[in-house]
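Shared between the two complexes below is chain A, which pairs with chain B and chain C, respectively.
Up next, the complex of A and B:
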């Protein structure tokens, strides 16, 4: 430590690192991200603005932006808003699922995070381990677990029959919106809880004590101090679930697999494997990207501001 | 509740040894609000029980996933057709997952660490632009990320075939952000004093980075290795979109394709495969966490509180 202090006072401009050093350390990562993260968006634009080869049913990208056509764009527009629109229902359904599931995630997640941050006491570590555990169970395994439970002869139906709530097994796994929402909530609620926990844990306890000393009851302390202080983190928690949920297709396939619960993610992922729909898929991905870009940028900026670059 | 708070705040000082401690703890337990605790326990039950049951039924000797017919390892090794060991699709999947996890970790972590050092020390507009791109890649929904790469590889860079190579390229791009974010946070807390000192004492630029900075970054680098490795094991969207045939399907994709339509005759074998995947990532994380704790022991004592550390990400 002493050496550092001394060295600092002696530091001369001549002892700087060579100018090329830092850019060249950055370059491998920057190149990788340019080719595999930025370039794909240009390719998607070129395909969306391109044409279609009727012989092999493959999209023909147009690389020069000046020659881009609007064929695919108009096609998707008419599928969304035209007379024979069929995608509009999918988009609305996706929106509905995402909003409901995010809201349930917050309603479950906030009390849990609040308890662990404020009242878990000495067992905090143990609770945290239990809260973090689902992160390390693959999403597919967690969906498979619900598939086991919800099967025709699964434990849920057994239990409900034993409890005389139903007489016949319910077919939970084909086209039940409630099952898909349950899957989404189950899949994403751990993320919400960790984000909320990190935010609630950061609230200075002396602010709460001050409120109590000034005569506020428990409920009013919560309403007037804790809740306003956690507003930012509630937005962040809602976002961190809503973004991936909007692009989710696997929850739906695992727990329903029927067109009546199709989400926009299913349409996009199916378009990749269906010949002749590549261009449509490109337009839809860009559409999703445009919808999400603003919230993503907000999230990046707010989390690098509040936590000094510490992003969850 | 005021009394409760008083006991709670006094307790840590008194509640050390023996009988008294037990009594005080009991008082605290009674005074605490219990509706909330009950809710949390219900949540934990709901969150963990389905997975625990799925693991349990992978040891079932029958082919049901809801009716217990006795313990066996049939679905792991015993069954000559459907067990993880004998079904080629299932054990290929285990190997494919491990292959991707090792390859991705070996490439993504060094690239991400260098990237973090580069953008942290290279004070310019470009550096902040690259940081922004990296963070954007981190929050980008995986579907958009994956479809983009799919379109890139099927329309522009067509010499890269879908399959292991494509999965590897995509996974590295997706995982560069982990080491970059963790190491960058660490660099910000270290500052550049140590390196300057090494330079003043005669070290070369590269020497200062290698002999002074990298050892100080080691815990952060190690944490990234654990996160990337475990993350790749659990990854689904990218590897699914970019897999070409059965040979390039890792465990998560096999569970998805075989499990998607209401389960097959070998349902417990899928549970067994999922359990293998679960054990792999839990062991990675648990061992990693223990080593991480050892590496950073001094610092944790200094900062006191219980921190989640960087080992909490998805």
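Up next, the complex of A and C:
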């Protein structure tokens, strides 16, 4: 009898698969997450709570959490919130850039994704390939290309002068926040479009037809049906761009390099490559992670409510 | 809490902030060093030369044959040695050579300090020689393999930072000055009382840059204020230098980068630059533009930042004989000059004269001021090793500037 019960506990009724089969299939993913996320995260914690090599001033992690030190944490706290704080402005600037760039990404991305999902017809595949095409070129190369386009004697200045919109070349690369924001938009807008497309393509056409049958015009169908149904995917698209943008340092380095546009990613990058500042860099990495956790949690809660049937 | 306070409280180091030297308590984490006893070493200065200890057992014997079927491992800055010269070495000694590169000296030190690397030859800056020797990461040299040392300037045959050249040989010399575009810049820096202040001119707003290097950047701030101790331990002077740099943000929208194409690309008109990086720039000029529009200012009396890079052998390498031969090979006049023609950074070879460099086309005539003279090392200002706490005061000031406060 025990053997029979044991066999039942190993297999679901009506299947021949043992119960452990499906959970075990998650092992590769779990292992992947452990190696590529949790371990580096723990290393960052160990460095943030660690000390440094007295000779080279490079960070020395402390692996036992009971022995972690708070020196770097207090250091960063004073730089962010203390009487002589100077990183607070950098954080606010970063958030401002990210919010503006994400909003522009959505404004550009939504109509494109909507067109491909709902209007492209048989050419949908072609458009999708075109959307993915920017990923074939490395981010560094794309930023280098923008450097060339935006420099004093670059094509953009030439075009604007020919069109009589400007008389003298504009120095786009001399710390203009607009250049950095547009660089971020350019770099991340394909991600938004693909996420939005995936969501818009899944909207059941019969819902739209029903709305039209009930007398709604195209605009009101969009406003009252399509837009509410795509709300979650808009949040997802905004998050997917905002998270990497917040830690981005390369765009600003390539398209500005002027301290007035320094983002928190630049401060982290500089800290990690400066003797004696590695631990501080690790604390800033964790600070950024906590900062980004808030919208992430909000998104998860929001999507849980949606899954519970509030919207659909 | 300042970073210096943190350093003092963290228990990592017992510090003496003086320029004379400092104490390191426990080298347990410094790779090969496993001593927990306090170690001290002096900070090398021209007036306070340092002779590093040499353990006889670590010096290889003379007259050994080069390692057979070996691959010599070089660990160098990006694009800091001409591969054709390296290939010729490989052909001469029937070996392979592999070059691994690093972007910053701190990145290189972090890797070397793990003790897990097998590089044979390394290119340290002068200010890290003490750290590397103290951590026992460098192999003492056997001079019998390096006869070409007599080709270099006398001061590098017995440098203050490594008396008796027990660990290093010189590689290049350079000055840090101001490169500028004569077609945009109306000032003549040679007629200015303080040429460094050329960067503090709003007429070039948006077209100025300084080096992305905390020592070089803050040294510029010091020089702007007429302060010439580029290893200052004075917090007041460091703050003054920082404030001068912060002025540049609002006044000139100063860029921070090490781009050597910004001047020929017309993205920058006034740039703090290394002499060796500027020498090749005329070849980068777009077609139709005259390379002669590029100028380089360094105080003609030599009273400006001047320094040299070195080559050394890492103790963890497995080809010490080939490594010695490589150092000797790079000091050979013909090889040093072929490397210079490609690199732009001048080797301190005795046979070089400023006139010969221009005449031979190695330095463009409009950039003759990029030539480094031996006398510069008598009167110029050198950026040298700082004690850890002073170093942190410098990096702290630099971070406040780069954060855009």
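In the analysis below, the second predicted complex is superposed on the first by the 246 of 312 C-alpha atoms of A that agree within 3 Å, B and C clash if a C-alpha of one lies under 4 Å from a C-alpha of the other, contacts with A are read in each partner's own complex, and residues count from 1 in each chain.
Definition applied: contacts are C-beta pairs under 8 Å (C-beta built on N, C-alpha and C of every residue); 3 or more make two chains touch, one makes a residue touch a chain.
From a predicted model like this one, the values you see are computed outputs, not experimental measurements.
Q: Does chain A have more residues touched by chain B or by chain C?
A: B
Q: Using the touch definition from the top, say if A:138 reaches chain B (first), chain C (second), both or neither.
A: Touch partner of A:138: chain B, not chain C.
Q: Should A:159 be classified as contacting the first partner (chain B), the second (chain C), both, or neither?
A: neither
Q: So, A:151: does it touch chain B (first), chain C (second), both, or neither?
A: In the superposed model, A:151 contacts both chain B and chain C.
Q: Report for A:297: first if it touches chain B alone, second if chain C alone, otherwise both or neither.
A: In the superposition, A:297 touches chain B alone.
Q: Which partner does A:173 contact after superposing on A: first (chain B), second (chain C), both, neither?
A: both
Q: In the superposed arrangement, which partner chain does A:257 touch: chain B (first), chain C (second), both, or neither?
A: both
Q: Does the superposition put A:246 against chain B (first), chain C (second), both, or neither?
A: first
Q: Based on the A-chain superposition described above, do chain B and chain C contact any of the same residues on chain A, and if so which?
A: After superposing on chain A, chain A residues 151, 153, 173-174, 253, 257 contact both chain B and chain C.
Q: Which residues of chain B touch chain A once you look at their complex with the stated criterion?
A: 1, 8, 28, 32-33, 36-37, 39-40, 43-44, 46-48, 50-51, 53-54, 57, 64-67, 111-112, 114-115, 117-119, 121-122, 126-127, 130, 132-145, 147-152, 154-156, 169-170, 172-173, 176, 180-181, 184-185, 188, 193-194, 196-197, 199-201, 205-206, 230, 233-234, 236-237, 240-241, 251-252, 255-256, 259-263, 267, 270-271, 274-275, 277-278, 281-282, 285, 306, 308, 311-314
Q: Which residues of chain A touch chain B in the complex?
A: The touching residues are 3-4, 7-8, 10-11, 15, 17-18, 21-30, 32-34, 36-41, 43-44, 46-47, 59, 61, 108, 111-112, 114-116, 119, 121, 124-125, 127-128, 130-149, 151, 153-155, 158, 173-174, 186, 189-191, 194, 198, 218, 243-244, 246-250, 253-254, 257, 265, 268-269, 272, 278, 281-282, 285, 288-289, 292, 296-297, 299-300, 304, 308-312.
Q: Mind pulling up the chain A residues that touch chain C in the complex?
A: Interface residues on the chain A side: 51-58, 60, 69, 71-72, 74-75, 78, 86-87, 89-90, 93, 151-153, 171, 173-175, 253, 256-262, 266-267, 270-271, 273-277, 280.
Q: Under the stated contact criterion, what part of chain C meets chain A in this complex?
A: Touch list, chain C to chain A: 1, 3, 6-7, 9-13, 24-27, 29-30, 33, 104, 106-107, 109-110, 113, 131, 134-135, 205-207, 209, 214, 249, 253-257, 265-267, 286, 388, 391-392, 395, 398-405.
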